[in-house]
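Below, chain A partners chain B and then partners chain C, in two separate complexes.
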Partner chain A sequence: MSDLAIPTLQTEAQRERSAIGSMRLLQTACILVIALVIVSPLFMLLIASLKDDRFQILADMGSFRAFWVSNPTLSNFAEVSNLSGELAFGRYLLNSLFILGCTVGAGLIVNSMAGFVLAWGTLRGRALVLSLVIALYVIPQESIIMPLVIMVSRAGMTDTFAVQIVPWVASPLYIFLFYQFFAQLPKELLEAAEMDGASVFRTYRSIFLPLSLPALATVSILMGIETWNQYLWPILVTQTDYARPITVGIATFFGQDSIYWDRAMAASVLMMIPILALYLAFQRWFVSSFIGSAVKG
Partner chain B sequence: MTLQQPALPATAVATRPARRRDRARLFQEIGMLAPAVALLTIFLAVPFLLSFWTAMTNQPLVPRPTPVRFIGLTNFLRIFKDDLFWTSLWNVSRFTFWILPVQCGLAFASALLLHQKLPLRNFFRGLFFLPAITSMVVVCVIWGTLFQYPTGPFNQVIGFLSGGRIQPIDWLGDPNWAMFSIVLLSAWQAYGFQMIVYLAGLQGIPDELYDAARIDGANAFQRFWHVTMPSLRPTHVFVLVITTIQAFKLYTQVAILTQGGPRSSTETVVHYMVRTGFEEQKLGYASAVSVILFLIVLVIALVQRQLLRRFDV
Partner chain C sequence: MGNRLLSFLMASVALGGFAEAKTVIHVMHQGDPGWVSTYGEVAKRFEEANPDVDIELIYAPHDAYNEKFSAAVMSKQLPDVMELDAPFLANYVWSGYLQPIKPLIDQDIIDDMTESNVAQGTYPIDNELYAVGLTDSSVVLYGNRKYLEAIGARIPKGVDDAWTREEFEGYLEMLSKLEGVKWPIDTFRGYGIKTEWITYAYGPILQSAGCDLIERKSWKSVGTLDSDACVDALTMMQKWVKNGWVVPQSSGTNQFFAEGHPAALALGGHWFYAEAAASMKDDIIVMPLPKFGPKGASPNGTWIWGITTASEHPEIAGKFVSFMLKDKALRDYAKEDSAYPGLKSFAADSPLYANGGPMAIAFEQASKTAIARPPHPAYPIITSAFMGAVDEIFNGGDVKTALTAAAEKIDEDIEENDGYPPFDEQQ
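Showing the complex of A and B:
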């Protein structure tokens, strides 16, 4: 019996191993195909932005020339990086950067402070505040935008930077993410700080905040993407170039009869650079901590 | 979602300095909570409550000398009589029907692939998330060129593969194709988030389950079907619900690429709301649309809660 059993076991193991090997090959192939679908449009954008002739860009697009530029030029970028006048994408980009910096900076402070008090405060009614915050999360931005436009225009805030920053600083989602992160830190941290006579703010500022790099990175990326890509709100509340963000600027290309693809591509590449930098800077913490919080939420 | 209750510091016998410290503590806590509560109240709760009131008035966009009148449910009745509203609701339903399998399927497949121990796994995870950080406006620039009619890349590839037998498709200009084209570019842009949620779900499955299944002689497919799939049920619910809610809020890509056309085939609820509110300047009417949108989202969220409860999460 055992004589028979051993060979079958071996072949079984071998079969399993070769099955795993071919599975691997199939998986790698699938990953490469998806990677191609993901990357090629972005790569095409970059290449096209370096081409001078907007008709050539379209003509090249169906062939391998879409992925190759023989004489790269930065002239498209020069055309769209004005700080004023027509095609003032330099200005729009700076506007967007300013709005991004203020919103994310203020958002990190405001939401993390609230999350900390909700997790470790002694305030009565914390549970009520927390459930109200969670309830508010259901309200989509789109469904409050109509009354909000009246409110900000009555307050004389249209066409300002403040109107694009202040309303979106506090957010139920980010308060909840911070709350969840702080609540899972050990209680001993708090007790030790209290023993040393540290105040609540001090405990938050010097003990809990330095430990919450993953949460800060996650909120920075999520809030950054959200702020950077705002489109509906700015078209409703900006009328001039003064505070217009780059999303609205790029969208104006589509209003014309004949689209200047070369310029649109260059402006798009400009728009991708800052958010890509933010993503690469925080990506290390982002995926793991977002993974930790997503499903529980 | 359980609220952790950290125990009060063990100062049962409250001395006077301790009481003073408690009061200072209370003020600090209120001070730390106040900015968030104030901002959420002013910019979320108040406009939300206002939208119910505005929805029952004839509020115009630009203030007029005639006072704003309370008109009850008239706006809602008008909306329900407007064919274009029903078209927009039908369109977002069609969009949802297509985007769920395409986007969630792609996300699930990518997550399964990237959950394996493969070389460069983290590099690919970062790479697959790139479209999700790409602004929808930029995505519209890219896909706008891909969809060009009649000589854009997609049409050239189709023409080449079919030997010229298939006529070029007017992706964004043909009412039969426009919504499907919007689905393709939307799925490409947004699937990265769902992929990460699926990766999280996969990581949460304990290895012991797979070991036990292996000992019982389950092959790879059986392990997938009897261990992975049941364990991911809450994740599936979460992903499907989030995607559905996103789908009902469809706006930017449609506003930029098709403006709801051709022949209203890509008109969506939010686009309809913005159009009535800002082009036709009927803010009260548009607020009524926004209330309806909120109720739709609320129903979807409640369905999610029920489903998750059934799975004991």
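Showing the complex of A and C:
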């Protein structure tokens, strides 16, 4: 009886293993398909940036020829790397990097300080301020953009770097993110710091901030993407090449009658690199922050 | 020492005074990289010829130009010179943003303008010219020679010889059955509904069929846009879409010349010639827009130059516009870009559009069938309402209902603005 049972069990185990194997194969295939869907536009972008005929790029779109280049050239990249002249795309890229660095840098300081005060500060009416911060978050940027244009114009800030940095440093979303993170840290940390005679700022800088790497990474990435992709605002407040960012520069390629796909693709590849680097640099903490939020939530 | 100090101070004041005396002319424009560079070079040449003037170019991307313009209006930072899309001229003049340009521009340029160019820059209330351009535009019917020969289609020789509606629809049906043809026609739905394309290119189909977007004397849309002729014209277009004869919006704007040439015909702008001819060479045939009813109709109008009422130096602004329109390098670039001539001298110098040139038919349309889009301050609403209706119709909506809703929306806007006086007195 048992002699008969063993082969049956083995067969079932084999079947189970085979089913698990098939499932894994299916999962891998699904992941590959999803990866292909995500990667193929980026690959097409890269391939198109290596072609020097904009009409050919257009003709190739929609066929497999869009994923192949027979005579690759870097001429498009050379054309979008110039630092001076009428269309100084190299300069636009540097402008964007400068705006990104300043906005994210200042944003991390301002928003984290505000979040800390709202979480642990002694400010009266903190709950009300927090409610107002959350309420502000639901107001879309587009609805306040014109009054903001008038304000910065009256302040003489048009066509400067400051006008692209200052209005976006403080953000209700990021203040709330920091607030949530700080509020979850144990109160004992604050009490211990108070007993040691640390000032509020010292407690924030030396104890709470070093513990908030996941929040800092999350805000850096989200704020970085938001700043990097700003389009309408810089169009409204920049006039010349001086402070023009790359997003506005790339729009030049999409003209009234024709699209310069060759250079648009090369500029898009260049534009992707910094934000990809930012994501890769903070990816570990970014993911852990999201996992942490999910577990705690 | 005292004298030297005095001389130094006087020199400083003189230099300072000189620097302040430089007149700055702000010029707001759009355009692709080629045009942006060309405008920059023209500005430099003008500054060299006029050392007391600084030209400050303000660029705004084509797709966000209206937003940039609105921001300039609200922040009271209107430029001296601005590029504007011709059908929006009436709205800008009515709003008080533009001033008559004729006294500010060289007379030889005014005399050089084509009839269509004058029409696109004229405000119908006072019949004054408010804007001028080097170029104009049109839409033609492009055909794939091999496919048309395969079905034995008649090739029109000129605008007077255009296909009739029956011929056109007959050819569409024949092409739909021809091997190799995936779609008989590309009407460039791929441009989407956020550009001017639908009103610009499909409006003439309605006009040719005997109706319009709005009645141009009473300035009422109900009874015109939803008239039987318009309902019939758009039902015809809806049928093309339903039959699968039209390149869908998701397939982009390259199906006429993409690999395998899936589209046999293309109802495309003059600029499309450069894209298509680059890969199709001699296989491309340029034909006039078909006659869908009692008369032929084609669109016109493009981006033209106006001088704003905010300009403190309109004479210098006018001098710059004249200089720019005569600039040889600018004209050479425009020619290279297949620009459609708006000045007679430029047309004579453009082999593409000259008699016997591959796009001669497109230029012939300017004098024979071109109809400007409604020159009315409500144009922004007219175009957005019409585009919304066409989108609904192409997605299977009821033609009459969609057109009536659009017409009512237009009339409501006009009523809300008290008829945009003095347009209400034109009736």
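Note that in this section the second predicted complex is superposed on the first by the 250 of 297 C-alpha atoms of A that agree within 3 Å, B and C clash if a C-alpha of one lies under 4 Å from a C-alpha of the other, contacts with A are read in each partner's own complex, and residues count from 1 in each chain.
In the analysis below, a contact is a pair of C-beta atoms (placed from the backbone, for glycine too) under 8 Å apart; a residue touches a chain by one contact, two chains touch by 3 or more.
Not measured: the values here are computed from a predicted model.
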### Message
According to the stated criteria, A:268 is in contact with first (chain B), second (chain C), both, or neither; which is it?
### Response
first
### Task
Considering only touches as defined above, state whether A:86 meets chain B (first), chain C (second), both or neither.
second
### Query
Is A:56 contacted by the first partner chain B, the second partner chain C, both or neither?
second
### Message
Quick check for you: in the superposed arrangement, does A:30 touch first (chain B), second (chain C), both or neither?
### Response
first
### Message
As a test of reading the superposition: which chain, chain B or chain C, is in touch with more residues of chain A?
### Response
B
### Partner chain in contact with A:119 - chain B first, chain C second, else both or neither
first
### Query
Taking the superposition as given, does A:65 touch the first partner, chain B, the second, chain C, both, or neither?
second
### Task
Return first, second, both or neither, reflecting whether A:236 touches chain B, chain C, both chains, or no partner chain.
both
### Summary
After superposition on chain A, the chain A residues reached by both chain B and chain C are 58-59, 61-63, 146, 149-150, 231-232, 236, 251, 253-254, 259
#### Entry: Complex interface listing, chain A residues touching chain C
53, 55-56, 58-63, 65, 85-87, 146, 149-150, 153-154, 158, 231-232, 235-237, 239-240, 248, 251-260, 263
## Note on the structure
chain A partner, complex, touching residues on chain B are 1, 3-4, 6-9, 22, 24-26, 28-33, 35-37, 39-40, 43-48, 50-51, 54, 59, 61, 106, 109-110, 113-114, 116, 118, 122, 124-138, 140-146, 148, 151-153, 155-157, 188, 196-197, 199-201, 203-204, 220, 234-235, 238, 245, 249, 251-252, 255-257, 270, 273-274, 277-278, 283, 286-287, 290-291, 293-294, 297-298, 301
### Query
Which residues, counting only chain C, touch chain A once they are in their complex?
30-33, 35-37, 40-41, 56-64, 67-68, 70-71, 74-77, 251-255, 257-259, 269, 271, 274-275, 278-279, 302-303, 337
### Query
Which residues of chain A touch chain B in their complex?
19, 23-24, 27-28, 30-31, 34-35, 37-39, 41-42, 44-45, 48, 57-59, 61-63, 66, 110-111, 113-114, 116-123, 126-127, 129-130, 133-134, 136, 138-140, 142-151, 166-170, 172, 175, 183, 187, 190-191, 194, 199-201, 204, 221, 225, 228-229, 231-232, 236, 247, 250-251, 253-254, 259, 261, 264-265, 268, 271-272, 275-276, 279, 283, 287, 290-292, 294-296
